[in-house]
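In the part that follows, the structures are each spelled out as structure tokens.
Look for subunit A in each of the two complexes below; its partner is subunit B in the first and subunit C in the second.
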Partner chain A sequence: MVQFTDWDILKNLLLAARWTILLSLLAFAGGGLFGLILTLLRSMRNTFITRVIQCYVEVFQGVPLLMQLFLTFFGLSLLGIEVDAWTAAILSLTLFSSAFFHDIWRGCIEALPKGQWEACRTLGFTYMQTMRYIIVPQAMRMSIAPTVGFSVQIVKGTALASVIGFVELTKAGTMINNAVFEPFKVFALVALLYFVICFPLSVLARYLESKNHVTR
Partner chain B sequence: MSYQLDFASLVPYLPEFAAGVWTTIELTIISTLGGLALGTFCAQGRISNEAWLRRTCACYIEAVRNTPFIVQLFFIFFGLPALGLKMTAWQAGMIAMIINLGAYSAEIIRAGIEAAPKGQWEAGKTLGLTRRQIFMHIILPPAYQRVYPALVSQSIIVMLGSAVVSQISVEELTFAANFVQSRSFLSFESYMLAAVIYLVLAILMRQAFGLLKCIAFKNPSL
Partner chain C sequence: MSLVSLDEVHKYYGENHVLKGVDLRVNAGEVVSIIGRSGSGKSTLLRCLNGLEEYQQGAVIVDNQSVENDDYKLRLLSRSVGMVFQNFNLFPHMTVGENVMLATKLVLKKSVTESRQLAEELLAKVGLADKFDAYPGNLSGGQQQRVAIARSLAMSPKVLLCDEITSALDPELVGEVLKVLEQLKEEGMTLILVTHEMNFARDVGDRVVFMNQGKVWETGPSDEVFANPQTDELKSFLAAVR
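Up next, the complex of A and B:
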């Protein structure tokens, strides 16, 4: 029987926290990229594309993330694609966060007065030029705070990957608890580690938001 | 693609799904009511004159908002019994959902309260109302109305979050889907069905809150 000291518990949780952070970063990057593509597609104002993207967002915001994980994990293997927990977790977190990112960024673009688009038309700007010189720089400044805010949701979302057997912070906590059976201590530590990751992000988001309000 | 989707074989399991949906609805209704009550209380605490109450509420809100729901759930279900607080899975799930919504809605409701013009507090004071009366009768009702859409979204998020309580074997919709797929081996189909039901529940919930809005707020122009 191996004895676990408190330090052993913390050390193993910290090691597992690496995977939480890595998974969060990958989901953030993937979701950001895909969300950006969706946002650009939608800003072209094609009715059909808009309708499709609306459905996409509705589905990914209206179905629990846990369900999305299950569907990716079990669904892809039906198509003959062998998926491990890594792939399934990254894929579903990417899709999930892209829907939210898209919604956030679309809001930022739509918050800009319509007159700016019209003014650009009058000046003979192409769509790309309007986006690059007028819309994106302004929308980007507005979107930073809510984007950072949503990254907290991604970190918390990675906890659900534990359910399909991805060994990150939460899964490590359950496993260690099964060995030492000190649930109060172990899960309090797990929660504390998540807090250490998320709280600075929340504070940063709040700070950026207040800064943004002052400059406007 | 060689695999044929087989939804017809799920028909014998519909009672399981129905029972799961009912538990999900039950959890959602109770936790929405409880969570909003707790949220209102904490929002009031956040603007209280007592420093200790302000600080306690702030700690609670930050702790909940910066940790995953599943960890909160495990902490309540596995951690608290170690201190002698025993509860069933259903109760633990319920408490976790209420605590979760409580923290999020507290921040939302606080935003609504802080948007109230200062003159309303002053006018209330001039009329000889106590701080509590001003809060309950003058500040709070329009505050709810201002942040109503955000509260609706948050309640729906908590409803979707209830999928997670299947992990401590509360027999709600996700648990039913897990159970059915372990019996019938139709994993994709049963999760698909559950996902569609969640989607429908989310849409219905939004509609129901929309109806409620017409009844609850007498002055829709605000």
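Up next, the complex of A and C:
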């Protein structure tokens, strides 16, 4: 039987943490992009589009991420589309985070006084000009802190991808524990690594929030 | 032909009948004050003139353009009609100068140099030449409102709508804003103001429109209306505000 030293455990966990980080980054980018598209569509104030997006958000916020992962992973193969764990994990995390990003950013846009829109209308700006020069810059400033804050949720959400066989930090921890039978040590290390990834993000979010308050 | 004309304008908010057939003509160069109790429809009336509010019946014509709920037409109309708001509605993330320049750059497609020059002239006119690079948040209410006036003027409108533009100001700052309006009147600008400044309406305004229950209840030259109100409603209103 192979003997694992502590260093071996840590080394393997660190290697697996790469995938946690990569998956988080891809989910952040994908969710951000899709959330942005949803937000822009929603700001056009078309009743039908708004309804559809509202349903989308309700579904993805109201169903546990774990179920979303299962449904993507098993559901798509039921439809004859073979998806590997990577695709399923990225797809579900993207959809999940897009719903939250959209909600955060919509909130920031709606928090702007109605008078900003009215001033733009009376000056003759087009919708796109209003968004680009007036609404987005102000909403963005407001949204930075909650957006970074939510990225912590994404990092932690990637742990669920372990159940569909995606070897990231949590899955690697389970596998190593199966070999060494030292659950406390292994999972304490796993937890520590998550913390090392997430803590700087939380600090950054808090810093951005305080900075934002000063400039406003 | 009047610059602004309203014919039998009706406006509903759902079941609520806010404007009940408003007729009004405003000629170029006139200063018209709209007064009345809150809820009488004065702000709504003003906002129907530039399409911020839709109306359900009647006709609104401003500078020979029919005011309709059509984005393109309303953008064209915005070159003729400027508006200043109670809460200034300046763009807080831009400097004062950028606030004034933006519309000429984006809408009138003027060059940066030209826009900048115009903005500097307009800010000088409202007495804020030195605030070009300041942010609105660092100005007093009166200064912000003067910037908002300069911003509207940058589009060289034919008529300027003022919606209670002194109501959010500390009393000692009202004067500086009214002074700018007086100056505009002297230059021949057409002004339509919803206002609570009765002295200003009487002394500077040419004509007063008293709104009551969604209608133009009484109207006439300012001095006459204030000296000799005809209706009981206007009498009691004037008694209440004095």
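We take it that the second predicted complex is superposed on the first by the 216 of 216 C-alpha atoms of A that agree within 3 Å, B and C clash if a C-alpha of one lies under 4 Å from a C-alpha of the other, contacts with A are read in each partner's own complex, and residues count from 1 in each chain.
Please note the rule applied: a residue touches a chain if its C-beta (ideal position, glycine included) is under 8 Å from a C-beta of that chain, and two chains touch if they have at least 3 such contacts.
Keep in mind the model is a prediction, meaning the values are calculated, not measured.
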Could you tell me if A:Thr126 is touching subunit B, subunit C, both of them or neither one (first, second, both, neither)? second
Taking the superposition as given, does A:Asn178 touch the first partner, subunit B, the second, subunit C, both, or neither? neither
Tell me the contact category for A:Ile134 with respect to subunit B and subunit C: first, second, both or neither. second
Could you say whether A:Pro64 touches subunit B, subunit C, both of them, or neither, answering first, second, both or neither? first
Quick check for you: in the superposed arrangement, does A:Gln54 touch first (subunit B), second (subunit C), both or neither? neither
Answer with first, second, both or neither: which of subunit B and subunit C does A:Asn46 touch in the superposed model? neither
Looking at the overlay, what does A:Phe74 touch: subunit B (first), subunit C (second), both, or neither? first
Residues of subunit A touched, compared between subunit B and subunit C (which is higher): B
Provide the residue numbers of subunit A that touch subunit B in the complex, in ascending order. 58-59, 61-68, 70-71, 74-75, 78-80, 152, 155-160, 162-163, 170, 173-174, 177, 182-184, 186-188, 190-191, 194-195, 198-199, 202
Across the complex, what residues on subunit C touch subunit A? 50-52, 71, 74-76, 78-79, 81-83, 85, 87-93, 102-103, 106-107, 137, 151-152, 155
Using the touch definition from the top, list the residues of subunit A that touch subunit C in their complex. 113, 115-116, 118-119, 121-127, 129, 133-134, 137-138, 141, 216
Quick one: in the complex, what on subunit B touches subunit A? 1-3, 62-63, 65-72, 74-75, 78-83, 156, 160-164, 166-167, 174, 177, 181, 187-188, 191-192, 194-195, 198-199, 202-203
